[in-house]
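Lettered A, B and C in written order, each chain numbered from 1.
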Amino acid sequence: MKNLDAAGSNSLLEVADLEVSFASSAGIATVVQGISFTVARNETVGIVGESGSGKSMTSLAIMGLLPPKAKTTGSIKLHGEEILGASERHMRKLRGNRMAMVFQDPLSSLNPYYTVGMQIAEAYKAHRGGSMRAAKLVAVDAMGRVGISDPQRRVDSYPHQFSGGMRQRIMIAMAMCCEPDLLIADEPTTALDVTVQAQILELMSQLQNESGTGMLFITHDLAVVSQVSQRVLVMNKGKVVESGTTEDVFSTPQDPYTQALLDAIPRIDDPIRALKKVEMGMVSEA
Amino acid sequence: MSMLPVGLMAETGEVTAEEGGGTGPNRGRSTTLRRVTTAMLASPAAMLSALFIVLIVLVAIAAPLLVKLSGWDPFQYDDTAINADLGGLPNLPWGGVSAEHWFGVEPQSGRDVFARIVYGARVSLSIAFSAAAITTVVGVVLGMLAGFLGGWVDQVISRIMDFLMAFPSLIFMIALLSALPAGNRPVLLVVVLCIFGWPYTARVIRGQTMSLAQREFVEAAQASGASKSAIVFKEILPNLTGTIIVLVTLAVPSYIGTEAALSFLGVGVVPPTPSWGQMIATAVPWYATDPMFFFVPGLFLFLTVLSFTVFGDHLSRAIDTGETSK
Amino acid sequence: MITYLVRRLLAAAGVLVLVALLTYWIFFALSPDPAVMICGKTCTPDRIDQIRATLGVDQPFMTQFFTFLGGIFMGRTYGSGEGAIECAAPCLGFSFQTNQSVLDMIAERMPVSITIAVGAAILWLLIGVSAGVISAVKQGSWWDKAAMMVALSGISLPNYFIALVLQYVLVVELQILPFPSTPAFGEDPLFWFQSYIMPWSILAFGYASLYARLTRANMIDTLGENFVRTARAKGLSSMLVLRRHALRPSLTPIVTMFGMDFAGLLGGALITETVFGLNGVGKMTSDAISKNDQPVIMGVTLMAALFVIVGNIIVDVLYTTLDPRVRTKVA
């Protein structure tokens, strides 16, 4: 495996030998098996893999949101500061502030009982303080920036009154309202229609250009990852099987699993070729 | 409370997912069974309650035999065991417990409490089991019909369910039972329990049928031209097995409790036929002077209802997650 | 919203008429002749006919039923001439055994039933919901296990049984409480409280157990929701996540259940009142049943149905303010 420490010491995020395991009555299931990578400022790193490859567990481990029974070892550094094993109190100051996350399904990720404005505002207020009213103004502004028209009025609407794409925009507004250094996007476009997907991806890269946020983009979709990320890691069964610049990985894949994944994409220039089956590699995720 | 509607409602509220983790029509059936069995065997609480259930069922079945062993039938008076001068209190302390009368005797009549408990189990359990069987069949059929066919069928069935569930059912059951001619009380009790009991089964089944009907394997069966009844009985019903078993296990204690309450209030099983609730009612005037007489039927009622509830709880959890410790 | 309410109220009225018809039919078809019962042992055929005419039971079923319904809106007169009995609207019937209108009988006993219901409701909501929340948050702890064990006994123990055990221990043996009764609050508030505390606790125990189990289950479900993860990812304190994001979705279904349970109790806590001999609507009903006083049973059934149906509507309307998704649908 090639080392990804190209960015060197000015990395925003450094993950080294990260291992996540769950103990159950059936034994210990290790869902992430010693992976290492870095993310620099203004850079997007993609993690590709199928469900159960450990990619979502990696993102939750960075945020410190794994369930208590998960055992995590290795090292996760944000701005050179070790955050793996940091106190919950300290992690809370980082979450939503220095690092934020956008999830796969925006409908279930938003609380149906509160207005979207309130949900964005409380993220801002948690870290910047001030009154709820002031935070609400920030929410209106954030909604405008993610391309929601008439934000003054929509700020008091509930999640179910928005379309899927709009909900994801709200999630992004919520994640970006404290201008985090690192944004983790876990399958942010998977639940959306193709046309909406493109809009959301464009929005994300536009926001990244404005703020210089480093981004960890997790997806099973190779087409998406090739669009957004400069570097990519391919994960299978909890391990990184291949990594490098997106261009290298896509043009000259080294690992058979990556080759199989790439072969599975239907191509316009090769319409007759039958789809190949990817060997399923499932890790028993307890 | 031990009243049927509230009790059953809360219990069934916890029954959410169907068995097998939703993989498909019949895939993993035997492994699911094994997983659930293993989980149940591993839980002392589940095993203890299972043991008690088996014991009480055996007692109910073998009642005539047990009574021969103990030597007193439930209707037989024993004047020698009670003291007429003390208002008919048992001669011996602890409610007259002795080698002769294992659980003591009834004040005033001297009837054997053990025999009445054993025969009471027979009455209580047969009423509860019959009601559970009937409400399950009716509830499953109507629930599946409403959930699968939708449209006006669903409208009609759902409105009837709403109507019955929004009913002050305890008062109505009492009113109904008091208005009905004496006749065969246990049968009447079963009928009344069924009228108000089936919607609780049907509601859960309806919801699950609706979500199952949208799943791929049902769509596949539809696309391949399977008839509606074939889909309902071959595709949907097998996937409801887990839920149905849990619903039955939790319906039984709620019916035992309701029957006991109705008998306690004097509109259920009438003397001389014994039932636990009615025995408690008989013991009320004696609770201070002969606590044992009051305590024994209450204890059996409590343990039986508790065992079924604990067993049902664990079963529902084992089917849901494969673990009994949640 | 208004059209929704009107529709619901019309439907409720329909259901009530249906309940009345059903109850009336059951008594009409199944019960022994009330005239014979009132007439007693020294009875002549003439006298029976006379009573029948007074009661109106010589009329065909539908006529009787509509007379009954009419009585609710316009009042009615039993018999004619000298012995005629006036029953003003809303006339829920007249008990010839107590020589009182059913409505008066209910009104007289309602305060006791309300006192019992309100006191118990406060207890079971406070104890049941908080025990359930703590159990869910500390899932698997000794507290959770103990609380769920108590709750399990609570739903398995017949309340008439524990009522008498408790009365035996606290009143007869230890003598720390008086026998439950229904004194007025004003005269001696402490005695009032002591007299009611046992009925409240017994009634609340079963419900609290149920609510604790349900709250715990709902809460555990909600804590696994994606939006709770989002709330944590925002960096909210765990207290805020719990209070703002987990509690509200967990408790909304409890509100529905509470509305129905409470409405049901206003029709009388039948078992509790009977066991403790408290003279509320429930005790009156059970007395009426044992004396086969049909007009009373009929009236109480209808009134209880009214409470439950109105409770149902109130809960549904409340739901529209509690759950924004329902609000949008209704508006």
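We take it that a contact is a pair of C-beta atoms (placed from the backbone, for glycine too) under 8 Å apart; a residue touches a chain by one contact, two chains touch by 3 or more.
It should be emphasised that the depicted structure is a prediction, and the values quoted were computed from it without experimental measurement.
S.K.: Work out which chains are contact partners of both chain A and chain C.
M.R.: Looking at chain C and chain A together, no chain touches each of them.
S.K.: Could you tell me which chain lies farthest from chain C when each chain's centre is the average position of its Cα atoms?
M.R.: A
S.K.: Could you work out how far the Cα centre of chain A sits from that of chain B, in whole Å?
M.R.: So the centroids are 50 Å from each other.
S.K.: So the centre of each chain is just the mean of its C-alpha atoms; given that, what is the distance between chain B and chain C in Å?
M.R.: The mean C-alpha positions of chain B and chain C differ by 23 Å.
S.K.: Where on chain A does chain C make contact in their complex?
M.R.: Its residues touching chain C are 63, 65, 88, 92-97, 100-101, 103, 105, 108-114, 122-123, 126-127, 158, 160-161, 171, 174.
S.K.: Please give the residue numbers of chain B that touch chain C in the complex, ascending.
M.R.: 1-2, 6-7, 9-10, 13-14, 163, 166-168, 170-172, 174-176, 178-181, 253, 257, 260-261, 264-267, 277, 280, 284, 287-288, 291, 294-295, 298, 301-302, 305-306, 309-310, 313, 325-326
S.K.: Chain A touches which residues of chain C in the complex?
M.R.: Per the touch definition, chain C meets chain A at residues 225-227, 229-238, 240, 244-245, 248-249, 252, 323-325, 328.
S.K.: Help me check something: in the complex, which residues belonging to chain C touch chain B?
M.R.: Spelled out, the residues of chain C in touch with chain B are 15, 18-19, 23, 26-27, 30-32, 139-140, 152-153, 155-161, 164-165, 167-168, 172, 206-207, 210, 213-214, 217, 220, 253, 257, 260-261, 264, 267-268, 270-271, 274-275, 285-286, 289-290, 292, 294, 297-298, 300-301, 304-305, 307-309, 312.
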